[in-house]
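Which chain is which? They are A, B and C, in the order written, and residues in each are numbered from 1.
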Amino acid sequence: MRKYIVKRFIYMIVLLAIMSVFAFVVIQLPPGDYLTSYIASLQQQMGEVDESVVLNLRKQYGMDRPMWQQYFLWMRNMFQGNFGESFQWRQPVKTLIATRMPMTIVLSLITLLFAYAVAVPIGIYSARHQYSIGDYVASILGFVGLATPSFFLALILMYYSNRYLGLSVGGFYSPEFQNAPWSFARLWDLCKHLPIPVIVIGLASMANVIRILRATLLDELKRPYVVAARARGLKENKMIYRYPVRVALNPIISSIGSILPSIVSGATVTAIVLDIPTVGSLLYNALLSQDMYLAGACVIMLTAITIVGTFISDILLVVVDPRIRLQ
Amino acid sequence: MALFKKKKAKVSMEEAMYMETQAQLIWRKFKKHKLAMAGMVILIILYLVGFFSEFFATQDIAKRSTTAISMAPTKIHFVDAEGNFSLQPFVYGLKQEEDPVTWRKYYVEDTTQKYPLQFFYHGDPYKLLGFIPGDIHFFGTPQPDVFFPFGTDLSGRDLYSRVLSALRISLTTGLVGVFFTFILGCLFGGISGFYGGIADTIIQRVIEFLMSMPSIPLWMALAAAFPSTWSSLQTYFAITIILSLIGWTSLARVVRGKLLELRNEDFVTAARVAGASDGYIITKHLLPSFSSYLIVNVTLAIPGMILSETSLSFLGIGLTPPIVSLGVLLQDAQSINTVSMYPWMMIPGLFVVIAVLAFNFVGDGLRDAADPYK
Amino acid sequence: MKHKKLMALLLATCMVMGTVGCGGGSSAPAAPPAADGGTDSAAADNTQAESGSADASGATSTGGDLVRGGVGDGQYKESPLIHELVEKGELPPIEERLPKEPAVVEVDEIGVYGGTYVGAAFGPTSGQVDTECLRYQSILTIEKDLKTFKPNLIQSFDVNEDSTEFTIHLREGMKWSNGDPFTTADWMFWLEDILLNTDVNAAVDAAFCSNGIPMAYEPVDDYTLVIRFEESNPAFEITMARFSTGLIRNFFAPKEYLQKWHITYNPDADKLAKEEGYESWILCFKDHLDNSQSQKDCEAPDLYPWVLDRIDTNGNKFFARNPYYHVVDQEGNQLPYIDEQEAMIVQDKDVRNLKLISGEIHAAGENPLPVSDYTMLKENEAAGDYQVFLFENTRGSDCAFTFNITDQNPDLREVFTNVKFRQAMSHALDRNTINETLYYGKGSVRQTTASADTSFMKDEFENAFIEYDVDKANALLDECGYEWNAAHTVRIMPNGEEFNIILETIEEFVPVAEMACEYWTAVGVKVTLKQEERSYYLERGKNNERDMQAFTLDSVGEFNLRSVAFSRLRPGNAYDDLEFMRAYKDYWDSNGSKGEQPPEDIQQLYEDCLKFGTLTNTDPEYAPLGESILQRISDQCWFIGVSVSPRLVIISNRLGNTPTEGTFANDYNFWKPFRGDTWYFKY
């Protein structure tokens, strides 16, 4: 088992390394660069910017070096804990990511929990009552979440919560708690702001979980051991939760790896609409303004969430499922 | 006698079942899945209406009317102002008025102007599918600017006609992406599952790599990298192909899994012993034996494409006006303005939900029916 | 056994979460009734607030208590907040902080000290005009009539007869926000070590030059300075009253504070820069120098009413009151009234709208609020406790279309250089319907030219080729020889291909461009719209890759025409967003080594525009030359305009001394004439 974990760990590192090259290439693809857009915004606000100012800026930010040099420079700095400076924010990228990463992970985790918490009971119910009205209703509700474009749902929920619940929109906190020290009031304020993003992002992944659970459970319910258990007179509920459900949950754990990227992506779109400070919305604005150090670091961080998440789910699976451990 | 006949009939039906083809068996099982059936019917209607949208529309999709800006869906009446009932529904003419303070446009029914609604009337001329000229519309009134079943948008265009037209684009463009997904998925899944070994390892790693990538940044970066001489439709197709380049992974896994299962089956060994080539075995023996799974997977991939189209439009890198797709219409509606004052402009969103749901249920029904011997 | 427990725990968690989730779901439908109560009470709050007197204390989200009038026994009074610090001995008394003769502002109402003003920031380093322009102070003020200038950061100035010498008298005893004296040394530092230092500033902005030669400073004493130009520069007064972005700080910089990062004053500046994480002293120095929207040094002193105090982790910026601010009201209360400014980062437009209609943002105007949002904003006035005003707009046109007359494609260039083609395209637009459809019919339809209030403006310039006349458009196109194809669906270009012009623009102008394309297609000229991301759009413009573009034409008020040599109407100066003769621009910029030589008439126009820049508005040549330039631009029909709509300006009802009408334009730095330092919170 230790060997397995070590192997997985090395593999994770390799994946991260490939991802860094990839992230660098991706952020280099679009034409133009940060300075172009910086100047564009200056022009829009106030008027002309002298051409000489532009040349000056370009030289100072090292934009005139070849691309591969810029990559190795970037990687070297990253290993030294220096992620570079965000042009757009004029702050170290490290600080920007560090302040947004915890909430991004928390949001992803809560969303994941929410998706499972709602999907698992529905999935079990659906499988046990295949083709019943309840099955249909549950499936429809589950799939409506999947079928609604998340940016649209986010906007609607945001409007109504602002209008009728008086919630301040944008961000995780109301303005008065934004920079306040931690307190119960602040925590409560955070709790009030979390449901919308969690629901919007979670709904999209929920249907997948329902589907996987329902299918696996249906398979399990037909197995001879279930028939045998029934024949021995085990109580139906006890029997189902003790054996088939347990087996059916394994694929769920292994599906974390495939659901995480969609949560991260969904969280990006949702965060843009809701204007909440996660790495996702940071990335979106960074890409729009060609803030390449920031964009690159964001891509790496977001992919790291999914890669590390998959790693953890693999390890978890080994712990939970003895069959894999024995292999 | 009658009793005997009945018994005989039953027996023959059972016998018939054993003689049915796999497709027939799947269909039999599929019919049991009520949601899937409903989804199927809805999809057929949506495709029909979308395909012949010019005929089903009430007017030209590009026509604007300054007298009908941001108009709510038209009320259809059966009883007129005097209380007379008529079986033929009708609409009243509407007079535009403006709030002097907020500039809000509102519309007052003019009960002296009455326009009966009818089937197959002569309205705006069109070219069906781009080449069959005509001017007959399915249902509405020949009087222009009075009948808007879904209301109008901010510049006075009929939303109903636009939604129908959008359906055609949105429901078909995704198919291109799915087509490529299918080819790539079968190819790489096939190689991986059939040959195993190093090829399998490499492909599996590539799949894991692609799966762990959040798609949003990739889309955005790529969209900006396309040549600007491309029209937005070309750009969109290019993105769709890219989407399928990273989206084939799940299909490939299914194919691989099934192949691994089937590879050691006796009939494959038999074929190999008989000297059949690899390609022959894959295409003639292996693929057909799990084609139903492929169909399921493809069906479930289409709604993803439809949703991707709307997301791309939201990010400003998908289709753009004057092309009318559900994503474009939704992008128009994506504002506080719409949500707070003109809720009917969100109707395109409803159609996205309906179409995606229908595809999902059909896919689920197919999945349940895919293994008819279970 | 252990696993069993783990499983049970997992399941239990799932169940609990499930019920919580369901609970959350079921509470949503129940929301509306509760919400009704919410709006009712909000409305009640409003009425109470309106009827209540202005000095009603408490019940605000602005935090600190609001106190009318300042504290102090002498001639000048100060904010209680500052007074506390003075009593503690952390600040000198007000008499020592103010200059000998402070600037006096006649306010409508004596304000109340306190509160935090919140304005939206579109990004961390951009789109902060709704806070910055309320804060910014120039050497001279632009008064509300938009014509007169008054000394602001200086006591007074004299000009010699031919406008080559400006003698500046500083305010004696005036100080930077950190208490350092503000003297001619700061001016000299800026000129010699910033403007003319090629490491810091590669080239001198045209605003500080006459005939290409930079201005010179000559200090007479600590408070007197002479600014010299080689050639007459009558528009320099405007330069002193406006601010531009060519440089981060203009005219002067805090020498005392900045010199330790400058290599001239500190040989170890490079070492210091490395310690602070910079690669060279230049970058480090520039960051400390920066007081623009991308300012990051929270210590850097300034002369503004509020100076940057802190930036939080989300990038929101807070500006605290400057205790040394040189302006007092007519009763001697030191300004500003408002304690603090916050530039709150809101990057999404819908979130911004929601914050506006719920009153979280106190004023908005720049980065145009679309006219189409008017109804929504207006209907929510009561709920958000604000008012929407319609201000004058000095743009040449809210959206202008230009054809690239130096297009790289010779076939297209042939078409675009044909003036009849451009006129036909202008006649093909139904501007009234566009106005009706997109701007509630509230815009005024006009051709793109200088601002309507320009003194030498004529109706014929505004109305050139704007009547909607399909027949005339068709006739003109026929004259050009662009025949229809066989199916009579589209016209044929001289090279035998069907017309299909790509029109490039950004999101803001898509609605109007979309409509225009329909009209052009109707006369046989197919125009395909392509929406692009802003920076990409600009990049293509710089590389002369666009065939046709749509963008706003602003900064063409008389102010700008005078101070920047006919501004954006000067050939080759339409900016990257609207430039349509890039090859000629390159020619002029490179003194003929790059680009293409422009034809004679355009060259003449270019030279006349430059000449116009050196005239005073009392010069007898001034008006005739301006008119002649406009006439020629109008005849060329280079810019196809649509209309100009009023500017939407939103101001919270809680603020006092705020404008209710006026002009809101880039020409006058938007909010600046309306003096943010005199605003105050009524409740």
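Throughout what follows, contacts are C-beta pairs under 8 Å (C-beta built on N, C-alpha and C of every residue); 3 or more make two chains touch, one makes a residue touch a chain.
Quick caveat, the model's predicted, so the values are computed rather than measured.
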Topology of the chain contact graph, where touching chains are joined (line, ring, star, complete, other): complete
Farthest-lying chain, centroid of Cα atoms versus that of chain A: C
Comparison of A-C and B-C by number of C-beta pairs in contact, larger one: A-C
Interchain centroid distance [CA atoms averaged], chain A/chain B, Å: 27
Computed distance of Cα centres, chain C from chain A, in Å: 37
Separation of mean Cα positions, chain C and chain B [Å, integer]: 45
Chain B: positions in contact with at least two other chains: 224, 334-336, 340
For chain A, residues that touch 2 or more chains besides their own: 30-31, 155, 159, 163
Where chain C touches two or more other chains, by residue: 350, 354, 533, 536
For the chain B and chain C complex, residues of the former touching the latter: 62, 64, 66, 69, 98-99, 101-104, 154-156, 224, 228-229, 231-232, 316, 320-322, 334-337, 340-341
Interface residues, chain C side, partner chain B - complex: 349-350, 353-354, 357, 372-376, 378-379, 433, 436-438, 440, 442, 502, 504, 507, 510-511, 514-515, 517-518, 528-533, 536, 540, 545
Chain C residues within the chain A interface of the complex: 3, 6-7, 10-11, 13-18, 20-22, 24, 31-32, 34-35, 38, 42, 61, 118, 123-127, 129, 201-203, 205-206, 243-247, 277, 282-283, 287, 293-294, 296, 311-316, 344, 346-348, 350-351, 354-355, 358, 360, 366-367, 533-536, 538-539, 555, 560, 564, 573, 575-577, 589, 666, 669
Touching residues on chain B, where the partner in the complex is chain A: 32-35, 208-209, 211-218, 220-222, 224-225, 250, 303, 307, 310-311, 314-315, 330, 333-336, 339-340, 346, 349, 352-354, 356-357, 360-361, 364, 367, 374
Contact set on chain A toward chain C in their complex: 30-32, 36-53, 55-56, 60, 86-92, 95, 99, 113-114, 116-118, 120-121, 155, 158-160, 162-166, 168-171, 175-176, 178-179, 195, 199, 241, 245-246, 249, 272-275, 277, 281, 285, 288-290, 319-320, 322
